[in-house]
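What follows are several structures.
In what follows, chain A forms one complex with chain B and a second complex with chain C.
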Partner chain A sequence: MKKQLTKRQVLFLVIITTLANKTQRLPSLISAQLGRHGWLVFVILGLIDVGFVSLALLANKINKSKTCYELCKQTCGIFIAKVVVFVLGAYFFIKSLLPFEAIHDAFSTVLFDNLPWPLYGLFIIVAIILVCIYGLNAIGRVGEPFVYLFLTSFIVLFGLGVSTTDLSRVLPFIDFDVPKIIDACWDFCLWFGGFVIIFMFMGRVKEDDGKMGWPIIIAVLAVNLIMAFGYMVFYGLYENLAADKVNFISMISQFSLLNVDLGRIDWFFILFYQFGQFICIGLYLCLATKCFSEVFGIKNRVLMSFIVVMAVYLLDVFLFKTVGEGVSEVSTIVKYVHPITVIGLPIFFIIIACVARKKEKNAIFSNNLVKFKLLTGISSKNIKNFIKDKKVYKSCDQICEGEKQ
Partner chain B sequence: MEKQSAVEKKIYGLFCDNSDLECRTLLLDHKKVYLFFISCLVDKKLIESGVINSLFEREKNIGDNILSSLEKRVVSMAKAERVQTDQQITKAILGGAILLAVEGQTEYLSLQANGESKRSITEPPNESALRGPREGFIENIEVNLGLIRRRLKTTTLAVKRREIGRRTQTKIALVYLSDVADPKVIRQIETRLNKFDIDGVLDSYYIEEMLSPKGEKFFKKIGSSEKPDVVAAKILEGRIAIFVDGSPTILTVPYVYFEDMQSPGDYYDIPLRTTLVRFLRLVGMILSLMLPGLYVALESYQYRALPINFLINLLNAVEDISFPPMLEVLFVIFLFEILSEASVRMPKPLGTALSIIGAVILGDTAVQAGIISSPSIVVVAISGITLYIIPNQSSQASLLRTLFTIVGGIAGFYGLFVGFFMVFSYLASLENYGAPYFAPFAPYVATDQKDGFVKQPIKAMIYRPKSYKTMNSVRQQPFNHHYKTKLQNKSETAKKTLKKGKKNEKTAD
Partner chain C sequence: MRKIVAFVKKHTILIILLAISILFPQSFSYQSKLNMRVLVTAIAVDKVQEDYEVTLQVVMPQAKAEQGSGKAVLSFITEQGKSISESIQKIAYKIGNTAALSHVSTVIVGNSLLDGNLTKELDYFIRNTEFNSAVMLLIAPESAKDMLKKTQNLEINEAIRLQKVFVYKESSLNGLMMPIVEFMNNSLTISGSSMASGILISNEGEEVLGQSTDKTLESQQSQQQGGGNQNGQESKESSNQQGGESSKEQNGRIKYYNDIYYFKNGKYVNKYDKEDEILGIFLSNRAPNTGELVVQNVKGDFLKDATIGCKFRQQETKNNIKFIDGKPILVIDMAFKDVKINEILNQGQPTPALYEFQAESSQSNIVQAIQERVESCVRLAYEKAKKDGVDILNIGDLAYRQKPYEWKEYYSKTGESYLSGTDIEVNVKVNNFN
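Take a look at the complex of A and B:
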């Protein structure tokens, strides 16, 4: 199988998916429930993410050659493999609604007064279908230059917010209600766990000089901590009104520009920021397409992409009346699936990766044993005694390695 | 009319009735010798002074085997080759050779006597440089190959020749370093060339189109240059150059988009200045593509993004314009394209008149008449100038600019966003003879960044580009390599002497 992504590309895609999901509606929803303590949700769920992203990376490290479908198929059989991949596909499909709603919101209400989305949304649908057809390779490549634009825009918008906020509104830090925070963590878990994409990169990452493990862990931690601070800035700006300020990324910067006569120059950065959201949708739907193709055995990538992307569009336009409704509907359903994917899957994949590795080792060993028998002429009866002796095991490997060379 | 001999009948029979094939008959040692040639292809002086004179000078010594004897005589004057079949005969005559036929003989002698005119080597107008070589390729393939051979004095420089075009039989040469270029790419090119069956190839663009992948006809997929130093540098980087007779433009494969951001002058200037210029080119390219679309989007939908004073000025300037911004800008682009097209074809003396018509009459009067506004002229003028900052991409950029103006007019920022993303992701997905289109940035290739936007000194470019595969990736030894090896040698000898000293001490004990 052709390796499609570099380690650097994987890192950038994880950064984009981790950050893009949280910068639209989430801060306002959290502030409605938790007020000034909302930042704790980012810290707690962020730390959980860091813990499980480490497990996901470990699974990825153990298994480097097989895709998640192949790995499940080899160790648990085709049925379980299809169930696991279907769960992943469904998760990506539902997760794609978040950035899709974010783009919908950014264009139809922030950058335009009233954009007729059912018609104009079709443009973006065409673009997403194309991205899905081009595949992971293209998304990884697009992510490389655009991550700089995405992060620069975030820093600029965030910086504009920091310059006008009143952080004393977040104080005191300590008097929080623990059960309320746990409830909030449960309600908003959908926005976290962006690292689940790593499972789909199994067996698809090139073995280059780059590093993937620690940079991803640090990136996930940093993004969540920055968002925790971002929430403080946001709450400091709007206090009790924060719950009504739906679009975090556009709201955080607008006050700072009132004093200067420059117009809404932050709109340019909001526009650049949407590139990240777009990559996020493209990636989720491309992965969902891949998963559903495996599950239903459809090899026509164009058809599958069309079905999956159109489904997102139809859900967005016809099922949900407003953007907010869509997001809250989705979150109520997905919060039950979320623990399975974020907590269950890393553990599951580590176990099956270990099982697969053991199986592989056994297969190599038995293969080497046959060769050893042929080369040395030892009978099957005596071979058990030799196996017990580690020296024989070593020599068996050495003989086979020598043959390979 | 004089009756034609059997030889004449045969040779004339190979050509059409009214062809410009000429024949001169000579009587040599009681035997008729015929010289067939196409007068416009051969050097007539060579026929007189070279061939005929050398034949008559030694008339007495002709033996029985007249053709071998003649071959030995004229070989001092020109390259001689024996031909026999009809195909060989026509190929020789059409290739600018004189066909020497002797009555009664079935074999003929083909004497190379090319006399076609060729222009002198001049600086190419598209790639002029302030510093560096000023030579440019011409339309003659042999001269062009000579220009490369003069620069690359290596035994590994391979030149694979072939002919394409049933009627034009255009000479083509694949030139590469056999120990550097990827053989897979060479095979790929050859396979595509083999599939090409056309009656004529008149310029290298025919080959460029043919070598482009299936379905991709809009974006440039093959590199091109008219400068020998550029082509030589690309061959040194492991690329394959394709020379086409009759074209001064040499093609290079594999091609990455960033190649066109690099200019020959970049390598003959200080790296800091080159870095600055490359960033300017990038900004210029973005402006040429996006500025009209952005202007239309800002004027139509996102006007709140502009500073209030600027917005007031803009609104004052456009208040009398009856067309919507998109149509207005498209009209100015249309005018600009007409003027640029006319200025290329118009006789030079009329050029000044055209610029007066363009600038004063069309521009100023149209603004006064309220047809177009001055901001839209400024926007299209900036975009038009920056279009030629990367001349090799101007055709594509010009079309994309119009497209972005339309999407900017229809959907403002949203249209530009979706349009730009679609184009970018499409280009990012392309691979061209093993090289990703946006390499070395998407995917990121660390070593190739030394010749990226931030250019580093030549001594830092130790490796050949890694965006595509090469057989030998090392371009030069590190700058301090000799110093390092000297130090290493010194330390080794020091160690050895130390060891020797210890041994001596032991033996002394």
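Take a look at the complex of A and C:
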């Protein structure tokens, strides 16, 4: 399997996808349901994400350079492998609706509100198809320099918001309704769980046998905690009107530049930041394309990319006609299935990674045992007694060395 | 770096396509041409019977305008409609250009809108995504259209950037810059109280100095009636001439202390029009301020009924709630930093001591006078609103945020009339005096 990404690129892509999904509609949707306590959703679901990203990274560590499809195929057979990969593909397809809707919202209601989205949206579709065709290699390389611009834009806009907000509006912390918070966590779980892309990066990362390491855990934790604080900033600015302010990243800086005679310079940063949505959509749909290609055995990447991306476009234009409603409708169904992916898959992959590792070890041991028998001439019956008394040796040399002793 | 360059070379088409998808659609729209747009910088809204009369202050870009000439053409266009949105649509049709609303920084509403619920009337400015959330709300004492038209007597930068003028006024302790979003939000909180600044623009010499806005308007009306009865046409022509001359001289002046209108749940209740009340509101505003303060009748040592002008570099206010006998008390801690005496008008004989001024007792007398003045202004503002049933200092919200359980217990006993049991305590510190 060709290694397409470096560890750094993986980290940057995780940061971009984790952050970009949460900085559009999500804060306003949560504020409509929970008000001042909405930051708890970011903390709770964020901590769940951190727990399961650790499991996902552990699975990757146990696994040795195999992709998730190869791992499933080796342990469970082709059918189960295809089911798992299909679930992953469907998950990425649904997840791509989030950044796609964000782009649709930003372009059609703010930037080009006099132009028909179905028409000029096709340019965006073509760009995304190309991103999918060029693959993970291209996405990783684009993400690597872009992440600095992305994070700088976020920090500037966030800083502008922090300077003008009234954080006391989030008080009191203690007066919250636990069932309502749990319901909100269920309703908005689709916006979390972005770490699942790590399963698709298994076996595709250069250096150190695909060990992606603890920086990803830190990154996921940091993003979620920052967004929890970001929610407080947002709520502190708009309070009872927060539900009406649908785009977090463009709304938090509106009160901060009144003394400046340069106009809305924050819009430069907003547009740079929105470019991260393209990377996000491209990544999700590229991964979905890979999954479906694997499942249906379609090797023509161009055709598969075209089908997947056009499916998103057609859903957006014909089914989810109202911006914002589409994803909300999808999330009401997906919330029942989402835990299977976010919680079930890490556990599943750890189990099969351990099984695969044990199988490999057994295969190595059996191999070595045959060599040992040939070398020493000890019969199979005696070999078993020998093994009971001694520890299991990893290599023929060790077995031979042990015999000499 | 080499990898990045190689990547760019290899994927040039992709990069070009991405750039096209963002930049190209603009060219489909004729309205991107500058001469098809008018920039709206302020909006005035009045109510005429059941209809809304909307006036837009527009800046028309001119094709032959010199760069950096500092001049622009201000125009005022008015239309009526069943809603504010319809009125603006009609204006756009009337002028044949696209009204670009994203530059609007100020909305002035007339007295006629205060009869109803202002939060309902201003709904358009919240929902329309073209408007910046920080658009400022001002209230005209009579017609918003007339007040907006008077902005042409101001310097052009002031006229189209009223919001910045009020931001500066707020930071200098003589104004209130209330964004519409904040006004609306405040009417939805526990206290339901919200405020907005009035605006009075009058030509040099028209304002009744040191008096309320109403006095100035009365004086203007009486002048107009006295002049108009005899020579109706001539006075019109002359006032037009004067208007023309004054617009050339740009001698329009914004009142120093504009009235502060306060509302409960969006309905107009009353206004602060006396300087002490207005100052009390500005002082209790938590935005850090610089500014000047005058204290009178200061006595002690060589000071005899002295009037003292002080300038402070920074003022900070912190609000805390404590409960005494189950009733919420708002504790306002104010700190004035780097206070300097600018002027002493002493009643007694001039003495070198006025300029030596080392005696601690005199300093403490002045500090005490400052503390008393500040407390009296804040209390005056609070008591006036309390009498009208308006929780102007948001005691209800603060109590809920800081001590939710005590507040809930208190509110369960008192309900909507919780304000009668509240009180305030003002602690003023003067740091680094003189």
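Operating definition for what follows: the second predicted complex is superposed on the first by the 379 of 405 C-alpha atoms of A that agree within 3 Å, B and C clash if a C-alpha of one lies under 4 Å from a C-alpha of the other, contacts with A are read in each partner's own complex, and residues count from 1 in each chain.
Just so it is clear, a residue touches a chain if its C-beta (ideal position, glycine included) is under 8 Å from a C-beta of that chain, and two chains touch if they have at least 3 such contacts.
Just so we're clear, the structure is a prediction, and the values are computed from it rather than from any experiment.
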item: Clash-or-fit label for the pair chain B, chain C on chain A; value: clash
item: First, second, both or neither for A:Ser31, with chain B first and chain C second; value: neither
item: Contacts of A:Thr165 with chain B and chain C, given as first, second, both or neither; value: neither
item: Touching partner for A:Tyr120 - first (chain B), second (chain C), both, neither; value: both
item: Touching partner for A:Gln9 - first (chain B), second (chain C), both, neither; value: first
item: Touched partner set for A:Met251, first chain B, second chain C, both or neither; value: second
item: Touched partner set for A:Ser305, first chain B, second chain C, both or neither; value: neither
item: Touched partner set for A:Val131, first chain B, second chain C, both or neither; value: both
item: Chain B versus chain C as contact partner of A:Pro145, first or second or both or neither; value: both
item: Which of chain B and chain C A:Glu239 touches, first, second, both or neither; value: second
item: Clash with chain C (superposed arrangement) - responsible stretch of chain B out of 421-429, 457-465 or 493-501; value: 421-429
item: Intersection of the chain A residues that touch chain B with those that touch chain C; value: 112, 115, 120, 123-124, 126-127, 130-131, 134, 138, 141-142, 144-145, 261, 264, 278
item: Residues of chain C touching chain A in the complex; value: 3-4, 7, 11, 13-14, 17-18, 20-21, 24-26, 28-29, 31, 126-127, 129, 132-134, 163-164, 167, 177, 179, 181, 184-185, 188-189, 398, 400-402, 404
item: Touch list for chain B against partner chain A, complex; value: 301-302, 304-311, 411-415, 417-418, 421-422, 424-426, 428-429, 436, 438, 441-444, 446
item: Residues of chain A defined as touching chain C within the complex; value: 109-110, 112, 114-115, 120, 123-124, 126-127, 130-131, 134, 138, 141-142, 144-145, 168-169, 171-172, 174-175, 237-241, 244-245, 251, 254-255, 258-259, 261, 264, 278
item: Of chain A, residues touching chain B in the complex; value: 6, 8-9, 107, 111-112, 115, 120, 123-124, 126-127, 130-131, 134-135, 137-142, 144-145, 209, 261-265, 267-268, 271, 274-275, 278, 282
